[in-house]
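What follows are several structures.
Each of the two complexes below includes chain A, the first together with chain B, the second together with chain C.
So, the complex of A and B:
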């Protein structure tokens, strides 16, 4: 299997200015994270807010540049790829479909834009492909020339997905794509991701804080805590026997809809700074 | 047991350019002392507006009507502004989803937390600060002295929600309304906050009206639950009965779209209907796999017994089958 995404020892610290002349505070967001995604795989990165999972996704999307370490996409260093070449390989789906799509453009324009910028297709073919995708992601054709404010949050997320797919990328980076949606809509979107994976031969890097969500969609799971990937493994094995205390805590925090059970005990008291390699 | 809050036939209409939005279309609701009642439903089902109605904080454009709406036997429909103000704090207190927007960013936590206590003349500033200290300690916002002097932005989301809880408890309310209190928080923090609410509820003998879209939260917190859809309560009863013997197709569909290991995901097709104009019959019928022609006529509420009521033409055991 080809290694579509290869993240090697990537670190990034944010600089917080403390004063005009004093040296900046360094806030490590991601600390030597290594993760790979093979073609056709779905890898989920889970963790709480501030764990560095979105920072990692942004580095993969080249929205942030790592301080150290390398990210290779389809065997080539991400930084060596031209913007158009990169866009044909990797596309994002973000959390909030209210801010990730332009309210002043029609849905048709929004979906076609990446293909227009990439060039190489006639206007007619461009529109045809947009129409196909529009239908494929489950949007009614009568909305094709509507504006984003005329549709619901779930439909907006479908537009964002169609826009991400029009260049037929290999890797989709989804940063909490369902956490702004209602549970019933979330189920629809997750189902769509599953179908599209088959149809388009997609590979996903899927960022989420909800283990219940990734359980259904991911082949492998990586748990981030305080900027480090503290555990990774196949989904089945992970859910059967998580090893890191933080993973266990995350897993026990999932509340199943079964009445009569007490709330789980979560304890934050565990050793965080165990040296690498000596983790339990 | 006499109910603290007793509402029947509550309706909220919001007139607008596109016509009148029938946001809440006749709901009955009663909450007894010390009980945890949850309202669950998707965005736009009217669950938050229900909370706002109980708090007397509906937007000005909204028109409320009810057959009965009483707090400890007093008619809330006739409350003056002063009576509402007297209610907020000592009787009913509320916490909301986003603790950052609910807190004032330019006042210290200490100033905000004592405000209601001093306003209701329950004691002087010193007594108020002492009580605030006790409560912050109780909800785990420590060290108290330093936290009182901090501004909201200096705290994490979980801490801010704890501050909100302490603030709501200052005047010992009989009912706390929590509108999606953990939706903006991490799963681990969510468990901690829920646990805290549950403990405080028992310690203070306080009733809790919890509004959520998460059936997992409902299962772990509620004594009784009401499932709302399109401005109506479609099913209500004890949490054990409603979640394990769902009689309404919507409740069962909501349970099915939760991602679980063993079962395939079954999304509910279609979207929530717009609540404009004449609304007749079951509003779930265009998404329901059991829908038949008679569903377009008004659907009576039916009882399964022990307070478990649902609004559907199906027999109680047909959905599960």
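So, the complex of A and C:
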């Protein structure tokens, strides 16, 4: 297994200006976090809001620069990669499907955007690849030239996923990709993530606060609390026996469907990793 | 997909239909288009040479008034020049000044607004400083001073107005850009390796364009009025060229005896400025609600 993403002792504090001459307030968002993701793995980062998980994701995406520590992607320091080289390795899927795609562009244009920026591909091939992906993420072709305001939130998220995949990246950084969707659509999008992982040989860094979602998709889990990674381990082990007190609290905060009874054991739907419709 | 094979595309026709239902927009656009047509076809439409003087028929009243002549529909001015022809040729000056000023100030103001809004921080402080400097100058007074120094001509007037009245574009575009630059689709473009100019042009500009269009129409009306004011004060278009502001200035001496010399170009300015403003308001209304955005 190759180590696709390696985060070493990364810290970041936001500076809050208080006055013209007074020193800025430092608000630590991530404190000395270390995490690695191997190729083909799904690693979930969980934690409550404000625990620094989105900040961590933004640093991996190079939208924020860490104060200290290093992030290596595919063995190379992230900061040393050129913007196009980086784009071919890592792509994002964001939380809010309403803000993550440009309302003034057609879906076709949105999906082609990263390919157009990367350049070197003819307009026809660009469109062809966009069409393939459009179908692959489960969108009806008749929507190809429509605008974002004509489709639903779940469909918007599929568009965002198609855009993230058009450069054939190795790592997808998903920052709460299902939390803005309703439950049934969440399940569909999760299933899509699982299928795409097989088809494209993807690796996910999956940020979420929803433990049910994480249980269905993640191989390993890292728990963040106040900017620190307090526990990490295999998903099964984590759900069976969390060690850190915060993890225990996090797990116990999930309400059981029947009060007083324990949580039902969800049969993990994604054990069915066979291609769609090939086996009973 | 079964059955539903119709392609769903952006319904541009729907937007056009919505536009046609908006009375102000239709009226404004119609008047503006008519004025543009008149300006373009001036040599064909004007019954006389707008510069040809004939002192024997000076100060003729319009045709429907007593003493008017049918071959001079709107009468003649103090030098016996046909007033209708001068009005028709005068629309050219108003439109040229309006459009050119709008373009120059639009490019300057939007660029500043995009830069300040997108980059933020020190760059934004600098842009805000420039905007504040501009806002602290009384626009028309500075225009007056500069033109009286340099000397009035169509070119200087356009340049002076264009270089002065970009503040509204800058303020509005800067704010609108600030709201959009943190959207996730901008981050996505950044992760995809796009440069700042690419993002501004391809991701932000389409979302700000409707603001720019609305300001552009308002600024155009402003420029037309400023041209009229400067020409009226004798600092705009030099004398023989027909300009509506200049026509009012020349008619002023005969205001009590021949009031039509003032109110005819006055009404022309009023209608053109009103039409541009109506068009701008219409554009603003039409660009707003459109499903979810």
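Please note the rule applied: the second predicted complex is superposed on the first by the 256 of 280 C-alpha atoms of A that agree within 3 Å, B and C clash if a C-alpha of one lies under 4 Å from a C-alpha of the other, contacts with A are read in each partner's own complex, and residues count from 1 in each chain.
The rule we apply is simple: a residue touches a chain if its C-beta (ideal position, glycine included) is under 8 Å from a C-beta of that chain, and two chains touch if they have at least 3 such contacts.
All values reported here derive from a predicted model rather than from experimental measurement.
Novice: In the overlay, answer first, second, both or neither for which of chain B and chain C A:48 touches.
Specialist: first
Novice: Looking at the overlay, does A:74 come into contact with chain B only (first), chain C only (second), both, or neither?
Specialist: neither
Novice: With the two structures laid over each other on chain A, which partner does A:211 touch: chain B (first), chain C (second), both, or neither?
Specialist: Only chain B; A:211 stays clear of chain C.
Novice: In the overlay, answer first, second, both or neither for which of chain B and chain C A:259 touches.
Specialist: first
Novice: In the superposed arrangement, which partner chain does A:187 touch: chain B (first), chain C (second), both, or neither?
Specialist: A:187 sits against chain B, while chain C stays out of touch.
Novice: Per the contact definition in the header, classify A:100: touching chain B only (first), chain C only (second), both, or neither.
Specialist: After superposing on A, A:100 lies in contact with chain C but is clear of chain B.
Novice: For A:219, select first, second, both or neither according to whether it touches chain B, chain C, the two together, or no partner.
Specialist: Neither chain B nor chain C is touched by A:219.
Novice: Thinking of the overlay built on chain A, is A:83 touched by chain B (first), by chain C (second), by both, or by neither?
Specialist: A:83 sits against chain C, while chain B stays out of touch.
Novice: Can you name the residues of chain A that touch chain C in the complex?
Specialist: Those residues of chain A that touch chain C are 61-63, 82-84, 86-87, 90-92, 94-96, 98-106, 110, 113-114, 117-118, 140-147, 149-150, 160, 163-164, 167.
Novice: Can you name the residues of chain B that touch chain A in the complex?
Specialist: 42-43, 157, 186-192, 194-195, 198, 213-220, 222, 239-240, 243-244, 253-255, 257-261, 265-269, 271
Novice: Write out the stretch or stretches of chain C touching chain A in their complex.
Specialist: 1, 4-10, 183-185, 187-194, 198, 202-203, 206-207, 290-293
Novice: If we count contacts the way the header does, which residues on chain A are in touch with chain B in the complex?
Specialist: Those residues of chain A that touch chain B are 48-49, 152-155, 182-188, 190-191, 194, 209-213, 215-216, 239, 249-250, 253-264, 266, 268.
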